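What follows is chain A paired twice: with chain B in the first complex and chain C in the second.
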Partner chain A sequence: MTRPDRREATQIRALHCALGQLSRVDGSAQFSLGDTSVLCGVYGPVDVKIYDEKIDRAHIEVKFRPDIGVPTTKDKWTESAVRQTFEQLILAQLHPRTLVQINIQVRQADGAVDAAAINAATMALVDAAIPLHSMVAAATCAVLESGEIVVDPNQEEADQARSIHTLAFENKTTEGPAYVDSRGDFTMDEYNRCYDLCATSAERVLAFMRSAIESKISKEAKLSTT
Partner chain B sequence: MTDVRVVVPGDIIDTSISAEDGGEETTVLRLGPGLAQAGEEISASAAGVLHNKEETHQWWVVSNRRRYVAAEGEPVVGVVVGRHGEGYRVDIGSAQDALLPLLAFEGATRRNKPNLTIGAVVYARVVVANSVMDPEIECYNSNTGKSEGYGELTGGFMFKCSLGLARHLISAKAPVLNALGTQIPFETAVGVNGRVWINTESPETTVLVVNAIKNSEYLTAKQCRQMVKELLDKQ
Partner chain C sequence: MVVEIEPSKIETAFLLESLEKGIRVDGRGIYDYRTLQISCGPTHGLVEVQLGQTRILARVSCEVTRPFLDRPTEGIVQFNAELSSMAAPGFDSGGKSSPQEVAIARMLERVIRQSRAIDTEALCIIAGEKVWGVRIDIHFLDHGGNLVDAASIAAIAALKHFRRPDVTIDGEVAVIHDVKERNPVPLSIHHTPICVTFGFFGPGGLAVVDTNLLEEQTQVSSFTITLNSHREICALNKAGGIPLEPKQIQRCIQIALAKVDEINEKIQDALNAN
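On to the complex of A and B.
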């Protein structure tokens, strides 16, 4: 069955990212999966409200704003899920009694928004040089009515899917994914196939992130030695 | 002796030492910024250029960032934002404001001490900096008792830049400062916290110097000199 944009079933859309475009935050990144585009700005470590202060670690806060309309319960859920993921990854013990704030703004939504948000957040945290245990990349799979599984669905495919699975993996060997979100009706077999496909796609995204970061840093390193 | 390569968070660093060093002895590795240890495994926690000094077994990652984390002994430029009985509260860009004791100036006594107003700019040295306490600074070197250039900075203009640019400026290798210095007399104080203070004869010249420094971050030495020349010609 051909997909609306004629991609292969396991093909992700064009990846694009830009680091450090915002001048007033400590780190920023824009990440795009095809037409889905998410911007993330990170502050940290900065001063924290007494209410949120933790004596042994930094307080992590995530703010997620959709492209259209005010944030709803669904967006609050995304905030909470992204926060739990990065609480595992940020080395918060290095900065007790401070705040790390991750601000995510969806610029354009065309499916796989959560995955793009996690990818943008990872790159923004790297741009801000917040100490991280590892980098994390997310990918989405949709199980269509026919039982066929497609990777990185756009909004049209996602609306017609029987279930959607977003998984994120670290660039270190670990026991499992860093983030899992599955919605809809699915069998364990379908989930396992999605798991494998997402793992492969996440690896590709990690390689892309690495090359983007390496090219930026090596360009800057050359300049400082001339 | 440096060995450079670009690392990203999560990369495992192979710090094994060659057998000729005496493989049976345990060697103490000194891990600098950007590296984290979990058991026997050492991995990068920041993206940047990995450096290694073999003689002293030091490893560290150089990465550019905008947010300052205070470290002992570093020179910083701060702005006074408050005053308590014991000292001043100074904004140095770290998560918590720094404490500057009232007597932390050269030759200060209870009867004879400087009186800083809110908004005053100071060049100070970080004395206490760790993750659990608010940073403390002093406007003289308490080990020698001399001011060594620290103290209040009067007049002039302070602007913010990235920590990498600040380190570059303070290392005196920056071509932009040399290019400007041959044409314009100016005073500057650079803090490793990403804040630079400039003082010249007129506001127009100050703006020119500030713009030149801000522009210079991603330029080669030749481009720097060209850029400074263009700014001066336009004046």
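On to the complex of A and C.
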């Protein structure tokens, strides 16, 4: 079977990442998976509202905005899923009584939006120099009607899929993923295959993130010496 | 709670002193815009505008809906311009929006929707049954001053860039053609209103065009003129601040006319390049 954009079944779309494009936030990143593009801006650690204040750690807030229309219930769900993922990763106890605010704005949605949002948030947190336990990268797999599994589906494939799985992994070898989201009907065997494919793809995404950060830092180092 | 920080007294004093000598803090002339970048695509109706540090993303989309009962032959234009906390700390801090946020959103709605820039009758598919609902979403990504002008440019460019699926009507049956099947068609747009905002400083009311963030926080009054490419005034907005002489307003309109021509040219260039 050939995919609509003639990719291999296990091939992810072209990755693109730009760091620090926004001026008002403390850190920002734009992360693109092909035509899917997500922008993330992070404030932190900053002042927290009194009723959100936690005496032993930073409060983490995520705001997710879709490209079209106002946030729906599904977007609110993504918001809380992303928050719970990053609550485990941010070393919140280092900044008690503060707020880390993660603003996610979808620029364009063409499948695998949740994965792009998690990747953008990781990069923005790194750009904002928020201490993290480890970096996290997400990837998406879709099981098509035929039972075939494709990595990083675009919207057309996602619409035809029987089930869609988004998993995020940390860059350290820990047991299990940091985030799992599976929708639709699938067998245990299909899930296991998706798990492995997502893990391999996430590794590739992590390598890309690392090189994006390296190139940014080396550019800054060059600027500071000249 | 993340809050906006007021500029320091030293900054504002420096800004005002320089302005009296005709110099702006970022080195521009008094009537110069910042660098304007308009990028369109890849999908139809997606436009990002960068005006200095200010960044706006405009997204136009459409769907088939039922018309309002009292206007059976008119399509529906929905407008959404909520400020997000990504643009500046203090925006959208939960609960009610600040007067400034409401003012920006209302101003844009007046300029784009209520100036009847879009031909709503051309959006009718079957009278009383099905019409196109066009939705304009404005996302504020970065607040570097003068959000209104940048957002109006983004909205107009996105409306011009947008293509909706073609429809053919055969008796009672309307067929909406997939974009792969038949080339999508552009919206019918009556005119292109563009905002030009002036900031006024000091007791004399010295006017500058396209205020940056520091200037916006220091200004004593602002005045927004909305003009279209036919050199017609679509909206004027001066809410409070110091009183201005009619002569000053006329002068501002003259300057705005020249600016709108420049901006329209830039929008056209960006659309042609795509």
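Following the convention adopted for this analysis, the second predicted complex is superposed on the first by the 224 of 226 C-alpha atoms of A that agree within 3 Å, B and C clash if a C-alpha of one lies under 4 Å from a C-alpha of the other, contacts with A are read in each partner's own complex, and residues count from 1 in each chain.
What we mean here is this: contacts are C-beta pairs under 8 Å (C-beta built on N, C-alpha and C of every residue); 3 or more make two chains touch, one makes a residue touch a chain.
These figures come from a predicted structure and were not determined experimentally.
Applying the stated contact rule after C-alpha superposition, one finds that A:P177 touches neither chain B nor chain C.
Residue contacts after overlaying the shared chain place A:N103 against chain C, while chain B stays out of touching range.
Using the contact criterion defined above for the overlaid structures, shared-chain residue A:E214 touches chain B, although it does not reach chain C. Once the two complexes are laid over each other on the shared chain, residue contacts for A:V46 go to chain B and to chain C alike.
In the superposition on chain A, contact of A:R65 is made with chain C only, not with chain B. Of the two partner chains, chain C is the only one that A:L22 touches; chain B does not reach it.
In the superposed model, more residues of chain A are touched by B than by the other of chain B and chain C.
Touch criterion not met for A:P153: it reaches neither chain B nor chain C. Of the two partner chains placed by the overlay, only chain B lies in contact with A:A129; chain C stays clear of it.
Shared-chain residue A:G111: touches no atom of chain B or chain C. Comparing the two complexes, residues 25, 43, 46-48, 99 of chain A contact chain B in one case and chain C in the other. Residues 1-3, 42-43, 46, 48, 53, 55, 57, 59, 61, 80, 82, 84-89, 92, 94, 135, 137, 139, 141-144 of chain C touch chain A in their complex. Partner chain A is touched in their complex by these residues of chain B: 4, 6, 8-12, 34, 36, 43, 45-49, 62-67, 69, 95-96, 131-132, 164, 168, 218-221. Chain A meets chain B in the complex at residues 25-27, 43-48, 91, 94-99, 126, 128-129, 131-135, 170-172, 209-210, 213-214, 217-218, 220-221, 223-224, 226. Within the complex, the chain A residues that touch chain C are 21-25, 35, 39, 41, 43, 46-49, 63, 65, 67-70, 99, 101, 103, 105, 107-108.
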